[in-house]
């Protein structure tokens, strides 16, 4: 249900946009996020839930720094 | 379309009757003919078109007499 | 008393003047072909087929209407199987069905009531074709619909009366010497309907049953009448047919239907030759205007009209067996089980 | 800075007081099981699963309603695939489909608009289940339906808010020492929603992403917080989750939906824990009363309620793997891809 | 659980539900040393020589009818196709395509019936497959079969002028039976669905030289005779009066305007033998199971310009063509 | 005529329309000395020994997809099933079930594709059947196949502790390709649908002792490995990191929450060889057509209390069960 994955916005067309997930292109409603072409967004059930602030590799390598911040 | 065959009335139930064609029993609307159980009727498209006055064998053997009558 | 063998040798050896007889009814055509009756006749006795197949005389526009209902999501068309492959201007009901249109085959018009009751959310259009034999069945259906207050069935009619068509033929095709009258239609209308035609056009009419013997005897009777200059109406199907017919059946036809002008494929519009649902039952009818029709593109080159009127035999049509086969029919005469071209094709290949 | 290997050895060797953590989100449960994370933890760290699978917390009466619409000739039910095999009191949507009911699987609520446009003669009922992650998609659909004046789609809702459920859990299940907060729901609501709970119940909340590393780090963080007597809300999914969440998304939820009391399977009715379509859009909503439910006959013996609230693990249910398997589920927890029992069954057999 | 009584898409997933279906039904009833191995293909020992190999799919509705069911039909149909080539049927494969909503108890009945028919016929079901499609509870079955040919194979090209044509029984019963169900006409017409192994075996044992043989199925006798006349370049002359048709079937046909010569059978063969062997062959067939009503119905002559002719009851002559246009749906 | 472009019930009648369809399509493209005889069964010469025999039905939608179509699938699927038993595929039967409304040009494309695939694979289509059912233009194909076994047949029971497991390429491509069409996700994922004859031939020629082989189809790798572990009474230990999955397929799976280990393939085998042969076998497969991405993914150990285990990327351990519940419909 709450499966959601990050992809790259490659086209914008009003409320709708095309998002690329490693070569898989999906029509997505982007009206709830502020994005431009090239942004990464988290997509769930056909709409962009959030802008992704950093890619997965970066996210994981920063995870330990984030941990240190909160501990 | 105008395929019609004679069968024997074996059951009457108001407008409807059961007609037996050599063991094939069909529900038939009999409201346009005066029949009783045991009568033969000519059936077309689910209704009895006419009472059959004589069976096929009799019909064919009388055919030549009928011909003589008209000739 | 003459017997079958004597009649057979008479008909095979007949060397009098050439005689052309028309069997009006498609079921007669079928018996003639299935029994190989032509092989039992002198070549001086010619049998031609008439407009007695209801499917064959139906116009292409009627098929178009039925096809539109089939393709519309809101309607289901109920039809006799024979009508399914008749080409309209765009396609047949069978093609409409293959394209996802809704068409259901029925065997008796009265099934429509049951279907309507069991599927109240659907709207049914009954493709109602036929002659006086079949029309009482539609009348009985209407009776039933009214009694049970069923409102989701309507009739799309192309119903025909055989008498006016025979009148037209007698008027226009003077080389037909006599008629084998259709046994089952006549059981409803009564044999007396032919008397006026017999006298007006001085042609004999013999009502026949559907066994091979019936046909042979009727041909013999007609040949003898013609030889003797007679033009009487003879009833040689006594077990079923009476002079006055089935009056109850004619009455219920009259209750629900009225005579109207009607288009016959290959003939044109004939006054008072069709039946439509009466005005007071208009809730059950779908209106279609009566119009002259061009031969449609789909049946270019089809000579059904001439086959139906006894002018040609099917194999005289250049499409017969080539462009036109039962699997890929061009005209309705190739489609129906009673269509002359179809019958000829399956028997003579 | 600590690294993954150090965290792994810490968690495996941990010998402090027994700690019980709840991962609220079904997708977290899935990562935990798929990555074999339990095999990497000391037995003093126990993970239990929470009510974070929307399918699992849905009542059987809701399924009954959907089944009725599927079986009625007038409606087609649109549903996420996960919901299809959840048993109602009579049957599941999948069984209704096998019986001829009309059910179509969708992947995004927004597909409903397209289906409605392409099939104007049909009436669609959208089985709308989900948490705050999914609810904006329904709101966007309603936006679309209104804009395009589409009137043949209605929502049958069982929409939940995760906050009130966590509140209930903190109140009622005091032996849970900390929560792995659901990453995706939190991206919409914002991490701040947990602050009030953390303080009220003195329990730590750590928001985590969905890679195995995220989970390990979150567990480590929670263990450390507990060890140090802290009860803070930590966000360890910074690439997606912010403190205030997606305000536009929360706004559109508020435009079309209002909070209402809601029935949670295994828990009961919780005030203000669900969302229903607002009165001014009632044309798009199907009313269903909120009622306490008995365990249905169909799921006699099912302990889903205890699984959902972290009281037991699936294999403690006597039906697990015997009467209850994904092929023949007794409770919703065995059905859904996010249902704890189903996840356990496919990984541990 | 209601779930267990109807087929759902899960049964076609290839996963645990499929496995359970296979174990509970196919494995249970079709068990034999080969199938039990459950490999991707059956491994069979075959003596060197010729084999016959054929396939047919079965889509009849109703799936249960007087005298049989779709399962029995699927076994008999393929076995008879092997038989008429002169082969001894040995192995069958079965492919089920099930529509969602199929009743699992019905499926079990069908499988039982297939297992029983296979056993009675001395063949093994050694390979199988099941798929589920969306729909409304229907079932389609494909069978393929392998038979061993231990003597000269029968070939339609062997047919020569002078040969006699024997039909093994009355025509139209299967077709009439199926249509009766569909059109709600009550009668006692039973499908002739049967495996004719014993009959053919008896002919072979008696050293009758069988020129050619065909089972008379879809398209009816008319279609089969046309095919044989074409492939042997002969003309077949049928005597209308000699063709066996049960009176109940005859009347059924009259009601609907059907011709038994075009109707499907599922346990009838036509057999071509020399004129000399004809009477002996006839009496062997008549004394075999399912052969009581056999009759000599035609003779073969030099090719005229048509394939099949009929001498009618009243002595007329006509051509007998193949089935034209639309047959009635789903009879086999 | 429009009639000629869509399948109607008449094409299933067994009469002239059926004949015309057979002549215009099946006969035209499938021609070979056996099929051309058009008898009720094909007569085949078989050397004495063992044969492999299998059947499968194919119900995939869409019927045309990136990398293949239902016809190619129906040929490759059955040939691969013969292949993995150690047989050399020789003959195929084909049963078509066509829904009314099927586009005849589409049917022609499918038949062409089957003919081409059969030819490339060196097999003959020797028996066929066509039925028409009501519906909305769909097509279902059953194939059965016969192969000759010229050496020791492969059997899953040969698998022993210590053996290595090789998968011949990346997983999930066929399944992802089919689902992409259905869910309107644009990508370049192509079905892996292929006949793997060359690959297996190369292994045999190199004298690799193949213990067992399976094509990895419906139910995915997880299901196949479980079946083999059960039938050989071993445990198979999979290394998560070693399993080849294309990045595009991986992302596709992430979008829908799918697991490539449960997804169908149509041109992938798993091959069990001794540890000693493993590297050599791997390099042979890598150098064969369709084998570039092959990998050693697991090893076999003494039976523990579970069938298949996985060592995960982060070093966790878990059980890998067979596919549970509903797979997504009509993938093969």
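Residue numbering begins at 1 within each chain, and the chains themselves are lettered A, B, C, D, E and F in the order written.
In this section, a contact is a pair of C-beta atoms (placed from the backbone, for glycine too) under 8 Å apart; a residue touches a chain by one contact, two chains touch by 3 or more.
Please read all numbers here as calculations on a predicted model, not as lab measurements.
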Margin query: Using the contact definition given at the top, which chains are in touch with both chain B and chain F?
Written below: C, E
Check: Where the contacts of chain B and chain D overlap, which chains show up?
Finding: C, E
Notebook entry, point to check: Pick the pair with more C-beta contacts: D-E or A-D?
Noted result: A-D
Notebook entry, point to check: Where chain E and chain F touch, do the two copies share over half of their residue numbers, giving same, or under half, giving different?
Noted result: same
Next item on the list: Take the average of all CA coordinates in chain A, do the same for chain E, and state the distance between these two points in whole angstrom.
Entry: 61
Next item on the list: Go ahead and note the Å separation of the Cα centroids belonging to chain C and chain E.
Entry: 37
Check: Which integer distance in Å separates the CA centroid of chain E from that of chain F?
Finding: 30
Next item on the list: Could you put a whole-Å number on the gap between the CA centroids of chain A and chain B?
Entry: 80
Notebook entry, point to check: Can you list the chain C residues in contact with two or more other chains?
Noted result: 4, 85, 94, 107, 213, 325-327, 337
Check: In chain A, what residues contact two or more other chains?
Finding: 3
Check: Listing for chain F: what residues touch at least two other chains?
Finding: 8-10, 15-17, 256-257, 324-326
Notebook entry, point to check: Which of the chains are touching one another, listed as pairs?
Noted result: A-D, A-F, B-C, B-E, C-D, C-E, C-F, D-E, D-F, E-F
Checklist line | Of all residues in chain F, those that touch chain D in their complex | finding: 183, 256-257, 259, 306, 310-321, 324-326
Margin query: Looking at the complex, which residues from chain E come into contact with chain D?
Written below: 1-4, 6-10, 16-17, 20, 100-101, 136-137
Checklist line | Complex contact set, residues of chain D against chain A | finding: 1-4, 25-27, 52-55, 80, 82, 107-111, 129-131, 133-134, 136-137, 140, 182, 184-185, 187-188, 209, 211, 213-214, 217, 220-221, 224, 232, 234-236, 238-241, 246, 248-249, 252, 336-338
Note to self: So in the complex, the part of chain F that touches chain A is made up of which residues?
What the structure shows: 180, 184-189, 247-248, 250-252, 254-257
Checklist line | chain E - residues contacting chain F, complex | finding: 8-10, 12-19, 37-59, 81-82, 84-85, 87, 91, 93-97, 126-129, 131-134, 138, 140, 142, 144-147, 149, 153, 155-156, 214-215, 217-220, 223, 227, 231, 262, 264, 322-327, 329-330, 332
